[in-house]
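Input: structures, listed below.
Next, two complexes with chain A in common: one pairs it with chain B, the other with chain C.
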Partner chain A sequence: MKLALAFLGALAFAALPFLTSSNYIIGVGISALTFTVAAAALNLVYGFAGLLSFAQLGFWGIGGYAAALTVVTFGGTFWEGVLWAALLNGAIALVVGYPTLRTNRHAFVISTLTFALLVTLIARDWVSLTRGPLGIPNLPSPEAFGQRFDTPAKFYWIAWAFAVATIAFLYALCSSRIGRTLVAIKQNEPLTRAQGISPMPYKLAAFAVGAAITGAAGGVYCFELRIIDPTFLDFYYMQTFLIIVIIGGTGSFWGVIAAGIALSALPEVLRFSEDLRMIIYGVILVAAMFVMPSGVAGWLRERRLTAMREALR
Partner chain B sequence: MSAILRLSGLRKAYAGVRALDGVSFEVEAGSITGLIGPNGSGKSTAIDCISGFQKLDAGTVTLAGTDITGRPAHHIARTGLMRTFQTVRVYERLSLADNLAIAAQQFDPATWVDEFLRTRRYRQAVEASERRARELVELIGLERYYNAEAGILSYGQKKLVALAAALMPHPKIVVLDEPVAGVNPSRIREIEVALQQLNEAGETFLIVEHNVEFITTLCHRVIVLEQGRKLTEGTAAEIHTDPRVLEAYLGMTPEMAEAEMRGAA
Partner chain C sequence: MTIDAAYLLQLTLNGIALGLLYALIAVGLSLIFGVMEIINFAHGELLMLGAFAMTFALPVVGLLYWPALAASLFATMLAGFVIFEILLVRLKPDEFERSILITLGLSIILIHTVQYLFTATPRMVDTQYGFDGVAIGTIRLTWTRLIGAGAAIVAFTGLYLTLRFTQFGRAMRAIAQNREAALMVGIRPRTVARNAVILAAGLCGLAGSALAPIQLVTPYMGQFLIFKAFALVIIGGLGNIPGAVVAAVALGLVESWIGGFFTAAWQEGAVFVIMIVVLMLRPDGLFKRGGMRVG
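Moving on, here comes the complex of A and B:
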């Protein structure tokens, strides 16, 4: 049922370039797809494994720079760039995660936040590599099979295929025993240890996969912007991913996907009132948190549980 | 009968306090062994050290001939020692079915590759695990909650779920940390019966408990700890009349105990 809906949703999104010729709407669609992927990756780390990681912002930035530099400095293709973005981030996550995942919850949050700030610093100050505050402009359009993906509508296909592939992969992971074990570790780590499960490899794997996918999403997104500079590491992105996960419902796979699409579109829908737009957006977010403190999925779950308690009375 | 769990010379100190001061005892395969003692006598420390949740200062723990001293907790569990916790631990937001399945998953041969490819090995493992889970859920009388989240259960019911989870992978020994503390008295009898049935089916238990009546009806052998040392050890009947135990544990003289027993009868 959920899978059928997801399939229909994916098809509906594929149809967007046929429904509109507005580059603006297609641009919003591309953002919605890439942000949703990054949020789904954060959901794996935070919602499933219970690790509140601000390092996602750093991975997003490293991914963007890795992809851009692969093309501009090292003469690779866009596809190689995205691949490197994923691999490099996965490797960095293993190195960063191994020590930080041994610390307690709070220390982990602070370490990941520090990591993100460090990446920002490198992006701005390692001028010989990143070209500093000026950034790298004029990123070329991707090419494949003799096709140049040089219009927004064409680039949209790349973002769409990327989103469908990564979300399908994440779904397979989250709905497997591995996903279930991550949830168990989040809920009661000592109990998992008493049941023969070593939590560390699971957490590390979730952190690395989350980093690789976030990095790949960053790689795709900077080619949509056609430029990468230190503003790519603006906290705005982290905030967006986190809001999507919280509103969707931490640990709810489809809740977060739906929230990703809805919340990426919402600020744009509110453009009818340019001055009040972000204020209305904020009010909607606060109201949502008041009514549904565990997100949309959490709210639905509560209703289901209440019904179940009644039925078992 | 042979010893499945063998502890010798366990020592553990916290900030100068000797929680365990040279404790040795054995648990026979197929037995129910009780571990009692007043608060602070070292029972919980003993369990935590045996199961790898705390590091011993000295001493050795042998499980079915394998030296498990100092191994990490998950390693000891895989060797065949499953434990429960004094304050009940279940996965509150997962169904009973998942609670039980997770408890067994480390013990079946199916890997994530098997799962991804849905190999026969994976399907067989899942089937076997589900069969075992249904069996145990029936034993603890919670069939109708099989697909419900564990969080909606009462405290006593959760203790039963924790017991069932510990039994899932057919462990060599199950260590229960206060299985009836905080459980409604009317349910204690049910737990007693369930444990007896399981024991008759061949399960070995080591039980830490404050409820002396529960221990003496159930256990073949009882070990009494006091201030980190083994005070004595014997059958339930021997322990019940041992003047040292009565004084240390119940704080009464044999005459008082006798008077009380007459009163109860």
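Moving on, here comes the complex of A and C:
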């Protein structure tokens, strides 16, 4: 049922370029798709494995820079760039993840945060590689089968295919035995250990897969922006991913996907004032934590449970 | 490159002054973590509020340093009280992730409200001391820096004595060491947590007010410092107050030395590199936490 709905939703999204000729709406659609992928990756790390990781922002930025540099500096194609973004991030996540995952969850949060900031500093200060605050403008549009994806509508297909493929992969992962093990580790780590499961490889794998997917999403998104500079690592992106995951419901796969699509339109609606927009974001975050701590999906689940209890009484 | 002794001494003194300011922030974070087991992402914004309070108070009191400092301290402590009563009091123990997201939201709200009201233009503020200072040989220290460092030392001494010898401080240590046992002997966690937040806000306000005449005041000033403070409490061991102080002063020195001999990029990156190395070697921080220790 859910899968059929998801399939229909994906098809409906594929039809967007036929329904509108407005480049603005298609641009919003591309952001919605990439942000949803990044949020789904964060959901794997935070919602399923229970690791609140701010490093996603760093991976998003590394992915963007890796893809852009592959094309501009090293003369590769867009596809190689996105692939490199994913591979590089996966490798970095293993190196960063191993020492930080050994610490307790308090220290993990802070060290992932400092990792994200370190990436920002590198993007700004390693001028010979990243060109510093000026950034890398005029990223070329991707090419495949002799076709240039140079209009927003054509680029939309790339974003769509990327989103469908990664979300399908994440769904397969989250609903598999590995996904269930991750939830078990999140809920009760000592008990999982007692069952003979070592948590570290699972956590590390979730962290690395999340990083690779976030990086690939960053790589796709920077080609939509056509420029990459240190503002690509603005904390605003992290807040967006987090708010999507929290409103959707941590650990609820389809809840987060639905929230990603719905909420990516929100910043556009609130675009009338840059400052007020961020204030409203902050208020939404705080209010959501008090009113619906487990998101819309959690709230619905609770309501269903209450209804079942009522029925049994 | 020959190293000039006077230059090195100047860097060292600057580093200590900088480190003491870091320590004021890190100690507040450690205190709140020790008592409430939450990490306050809005801590840097308390510092920013302190600095803004100082910029607005100084012209009102005719550039006199001390009354403005007192007003700014009062303002940040009040802010700490309000934040605690409205938001933090609703957090139950063991809601760590939720506490982070709530204080993160608060930090976004504070930064952007201040930016909306007072714009992001950096502000400069003058005090009665201006750029006067003392010169010992070729070494020069401005009064504003000296007073900042002095106030920090006085604050740490006061904090140490309070935590060690007063009922008020003992209750805080008791809660940090064993919540249940503290409840059993009649200590109210709510009151103690409120006091800890107000105290930490005051320390942060002191750092903000001391910084206001030294550097530019912007809505984002707290963010840069708070991330360093986070790294510092990790290096020092979460909830370990002397650890945080030692790590902070050491970082101030290291940054100042690196800044004197290398490019600024290395100066900013140092703290993160140190943190990763420390975490690799000692996952619980350099000074492992065993309850909240003050001595």
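Everything that follows uses one rule, which is that the second predicted complex is superposed on the first by the 284 of 313 C-alpha atoms of A that agree within 3 Å, B and C clash if a C-alpha of one lies under 4 Å from a C-alpha of the other, contacts with A are read in each partner's own complex, and residues count from 1 in each chain.
Simple rule for what comes next: a residue touches a chain if its C-beta (ideal position, glycine included) is under 8 Å from a C-beta of that chain, and two chains touch if they have at least 3 such contacts.
What you see is a predicted model; the values in this text were computed from it and never measured.
In the overlay built on the shared chain, the residue A:172 is in contact with chain B alone; chain C does not reach it. Chain A is touched at more residues by one of its partners, and among chain B and chain C that partner is C. Of the two partner chains placed by superposition, only chain B is touched by A:308; chain C is not. When the two structures are aligned on the shared chain, A:183 is found in touch with chain B, with no touch to chain C. Once the two complexes are laid over each other on the shared chain, residue contacts for A:192 go to chain B alone; chain C is not touched.
In the superposed pair of complexes, A:246 makes contact with chain C only, with no contact to chain B.
Within the superposed three-chain model, A:279 lies in touch with chain C and out of touch with chain B [touch as defined at top]. Shared contact residues of chain A, touching chain B in one structure and chain C in the other, are absent.
Against chain A, the residues of chain B that register as touching in their complex are 51-53, 72-75, 77-78, 82-85, 89-94, 98, 101-103, 105-107, 112, 115-116, 144-145, 148-149, 152, 165-166, 169. The residues of chain A lying in touch with chain C in their complex are 46, 52, 96, 99-100, 102-107, 109-111, 113-115, 117-118, 121-122, 125-126, 239, 242, 246, 275-276, 278-279, 281-286, 289-290, 293. Chain contact summary for the complex, chain A toward chain B: residues 172, 176-178, 180-181, 183-184, 187-188, 190-198, 305, 308-309, 312. Those residues of chain C whose C-beta lies close enough to touch chain A in the complex are 33, 37, 39, 87, 90, 96-98, 100-102, 104-109, 111-113, 115-116, 227, 230-231, 233-234, 238, 264-265, 268-269, 271-272, 275-276, 279-280, 283-285.
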